[in-house]
Amino acid sequence: MIRIEHPNWFQTVLWFVVSATIVGTILTARRGRQLFVRRIPGLTAIDEAMGRATEMGRPVLFTFGLLGIGIVAMQALAILSHIARQAARYGIRLIVPVADVPLYTIAEEVIKEAYTAEGKPEAFRPEDIRFLSDQQFAYAAGVIGLMHREKVASVFYFGYFYAESLLLAETGQVVGAVQVAGTPATTQIPFFIVATDYTIIGDEYYAGSAYLSREPTLMGSLVGQDIGKLILLVMILLGTAFAVGVELLPSIFAQNWMAKLLGG
Amino acid sequence: MTPEAPPAQDTRDARARYTIFAVLWVTVLATLLWRPATTLAPSPPTRSLYDAIEAIPREKLVIISASWDVGTRGENGPQTAAIIEHLFRTGHKFAIFGWVAPPGPLLVEMIARDLARKYHKRYGVDWVNWGFKTGTDAMIMGLAKNIPAIIRQDMHGTPITKLPAMKGVKDHRDVGMVIEITGSGTLLSWIQFWQGVYGTNIGYCPTGVMVPDAFPFLDAKQIRGLLKGLAGAAEYENLLRTHGDASVRMTAQSASHLVIILLIILGNIAFFRRGKRQA
Amino acid sequence: MPYYIIVIGAVATLGIYSILYRENAVFRLFEHIFIGLGAGYGFYFTITSVLDPQWWTPMVKEGKWYWVVAMLVGAMFYLIYNRRLVWMSRLVMVALMGLFAGLTFKGFITAYVPWILASFKPIVLARKPYIHITNLLSFVTLISVMSYFFFSVEQRARVLRGSAQLGRWMAMVAFGAIFGSAVMGRMSLFIDRVAFLLFDFLRLAK
Amino acid sequence: MLQILHNAWPWICKAFQPVHGTRLLVYVCGTTAAWILLFWVLHLLPARQKRGLIVACTFLAGLFYSLEFFLPAKASWLPGGKNPLSDLVVPMGNAVSVVFAFTLALGLINLCLVHGRSLAQAKPGWHNSLAFFLALISMTVFGLWQSYVKDGPQRTLFGLSGASVHRVDDVLFSGLFQPLGATMFSILAFYIASAAFRAFRVRTAEAAFMMAAAFVVMLGQVPVGYWLTHWLPMPEHNPLGYLRFEVLANWILNNWSMAAIRAIEFGIAVGALAMALRIWLSLERGSFFEVREGPR
């Protein structure tokens, strides 16, 4: 059992190295260095789902779940902006019910900007961006009603979800919508996997906005994150190797030095 | 992915849905009315929670953190009852405490009162209810350093200085264990501000959906034991040799799990038969 | 609990369950009552549990005048509706997000360092059976799932591709476990509602 | 600079002493006026400098918790020999929750506008909006009323005692609000069953892995699973015992899914760290972080 009220020097260095790497890659990417991001299957499905809505001439729905303004919301907004641009381009109606008021106002602005960027500011319908309720199941009940009444062709779930995830995704399935979902909430991913057509799992959520926007800041950050994960991975490999060493050659490995450094 | 699902498919899906719903209703109604109680052998996480509670020094207080409301009563209620029953038997003093779900302390008090009658325990002497306190993480941090300053009075408005159970309770050192009974992601606050800083023992009773997420904490010894939803409560009742709500409801649970497993098997049979016909 | 409250509760319960058949007027009525009650509850709860004890009492009764600043900062949120002054609401929101960013740094170390430490497990043993199968499986799962989440390298190399594929499968094990565990949880909640209808409302012998 | 601060410190401390009566009123009004004046002046700044202001505020805000955490608890080189920010953590947390509490009316205004419009224009379904308003108003009024009379058993308001107000509040809260939420939640039992029926088809290796794990965990947590494999020996005596459903389920949860979840969480942690850095250092781009001049 380990107690951390304030970090030891190694923990501080670990944080600093990972942080500095991320900031460093962001800055190099901004200076114009080309970076690579692998294909993320679920994200290409967004275009497919938009295409289907165009064919059917029915609206699409985007939900953030119970998300409030914060770290996770920034990513969701980037994806929303991508979807809104496509909606403007192909003339699809985009409905966005929101459960948080500050986020509601920002979402409205993001969508409006996307329509303007596509040269169709007149097609933007502010009444389609709605604040429903900040109460979990009241919000869920409201979105369920919307899906039924508007006969949506596609539904996108990007944000933070709790128990309402399956209530919404299963309703979308019943009304016959193509659904794409992504959330960093690990406990809700299985429900999206069973009830939606494409699910972006775990960390892919954070990679998503970089993949879609190709914005240098996000691309750089993604590369930095990979290096950060690599650092953690190497630490785990070393720690495990030392643990084996302690087991097999106790005369040489008096203790697990990796663990010692980390404060264990 | 077809652009427009054919109507025949729609009605067939709808019929399947209604059948599933009806079967579930009948199964649960029948098993609840029939009421056979079943026992469940305790799993290692349940047993370690039991042992951890047994090992708490008698003079220390146990905090029962009631972070649930009616929404998840189906799981958290029986868990709470099992834990409180154990504490009454061992004779540990405990405090009910709410900081996430405002109705939590009241719901737990109702459970505690019933059990107190059974074990002839007195409020204020053997147990107290701190009620709901606001301030979330900041308050939890403050609580570790000075309990009387944050709690001041119990849920019924009595100053805690007048409650014998609270005599000598000053800070985290007087707390033997925090038992977090919860329907939402509240564990991290206790881990970051109590266990991670002072090494306080944490017992964890989450709802079923959060159980797999709890194992990384159990593995890292950040929590001392774990009740796996309603099943955990039933296992705990088995350890206590009682038949509470959990044991009775586990029968309905068994039946509905069987229904779902049969559904999955049926679904696969239908899928492969249809697949063959098309091929 | 008095019986009339239980009756009202039972009507509300059955009204919501009507959605299982289809979306209908009764469900819609209860949906709106629910949204209204939720908003009202949030309102009075915030006043009685946060604003009164944490703001009004220290400021007015204890004379800590500087607490007024909290209200002024909170009020700046409302400028979101004003096109000219909207930057002030942004200032508050972004600054608060900066505050949370600081907490994220703290969480990165306090929450995850113990997990890194806990994953240092010997996979080879000096005694029989020489290989700790459980630890080996945990190790392989951990490494392969982490390798799936590398985005900036093309998964062409066979080792990496294989590892990433394995990682996706292993992640599915976790999701399956969550699903299975959630089935138990969700069923318990339904059982609780049925128990309420049978034993509290219909008063069938318990 | 430090010298000035050192000299002014007693004065600052004195200004932050509690005050009462008229002086309190003057202090509060004065602070409000000063605040408005400050922001009026700031509003005159060009967009570039406003942006700079936001960047600076964000950085300083992020610095608070970071410094508190990274500085040691005690060290001779710290002022006063101990971490100066640790004592401020709790008040800071309180302040943040108060600031958020003040946004409570934002959502309420929005909801009232939507339902008020539907009621005023007698749109189809207006009776639902009426129900919304009735629920909202009664919950707020009786909730506040009840908390007022709760302070003392003898207190009454408009002639109603605590007990009768409590009864109305009970109807709203225990009779309606709680059962509605709990029932909405429990509908998931049906949806999870129909989703399992529809989606758990062994089409791919992925689906098979997920389904197998779900199967074992589902059976391992109920008596029927225990009963199905109770004839197997216990794992302590024979490795075959690991095939008992309850043992296998626990083993999967404790080792297999545990490691996978840990790996996923590591990725999410680094992702969140990167996002936090981008916000803290104002590297993020997008409409939300830009400041524009006047109305467009």
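All chains are identified by letter, namely A, B, C and D, in their written order; residue positions are counted from 1 within each chain.
Quick note on the criterion: contacts are C-beta pairs under 8 Å (C-beta built on N, C-alpha and C of every residue); 3 or more make two chains touch, one makes a residue touch a chain.
In this text the structure is predicted, and so the values were computed from the model without any measurement.
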| item | value |
| --- | --- |
| Those chains which touch subunit C and also touch subunit A | B, D |
| Those chains which touch subunit B and also touch subunit A | C, D |
| Chain pair, most C-beta pairs within the contact cut-off | C-D |
| Most distant chain from subunit A, judged by the mean position of its C-alpha atoms | B |
| Identity of the most central chain, Cα criterion | C |
| Interchain centroid distance [CA atoms averaged], subunit C/subunit D, Å | 9 |
| Chain centre separation in whole Å, for subunit C relative to subunit B (CA means) | 16 |
| Gap in Å, rounded to a whole number, between the CA centres of subunit D and subunit B | 21 |
| Two or more partner chains touched - positions in subunit A | 2, 4-5, 7, 19, 71, 102, 133-135, 137, 141, 163, 186-187, 190-191, 193-194, 201-203, 207, 225, 229, 232 |
| Interface hub residues of subunit B, defined as touching at least two other chains | 13, 17, 21, 24, 71-74, 134-135, 196, 208-209, 211-213, 216, 219, 221-222, 228-229, 231, 253, 256-257, 260 |
| Shared interface positions of subunit C, touching two or more other chains | 19-20, 28, 31, 34-35, 38-39, 41-42, 45, 50, 54, 77, 80, 97, 100-101, 104-111, 114-115, 117, 119, 139, 142-143, 146, 149, 171-172, 174-179, 181-184, 186-187, 189-190, 192-193 |
| Touching residues on subunit B, where the partner in the complex is subunit C | 18, 21, 24, 28-29, 32-33, 71-75, 77, 102, 132, 134-135, 188, 191-192, 196, 207-209, 211-213, 216, 219-222, 228-231, 249, 252-253, 256-257, 260 |
| Residue numbers on subunit B that touch subunit A, as the complex places them | 1, 3-5, 10, 13, 17, 71, 184, 196-199, 209-210, 212-213, 221-222 |
| Sites on subunit C touched by subunit A in the complex | 19, 23, 27-28, 31, 34-35, 38-39, 41-42, 77, 80-81, 89, 93, 97, 100-101, 104-105, 108-110, 113-114, 116-117, 119-126, 139, 142-143, 146-147, 149-155, 171-172, 174-176, 178-179, 182 |
| Residues of subunit B touching subunit D in the complex | 13, 16-17, 20-21, 24, 38-41, 43-45, 69-74, 103, 134-139, 141-142, 208, 211-213, 215-216, 218-219, 228-229, 231, 234, 250-251, 253-261, 263-264, 266-268, 271 |
| Touching residues on subunit D, where the partner in the complex is subunit B | 89-94, 96-97, 173, 178-179, 181-182, 185-186, 189-190, 192-194, 196-198, 200-203, 211, 215, 217-219, 221-226, 246, 250, 253-254, 257-258, 261-262, 265 |
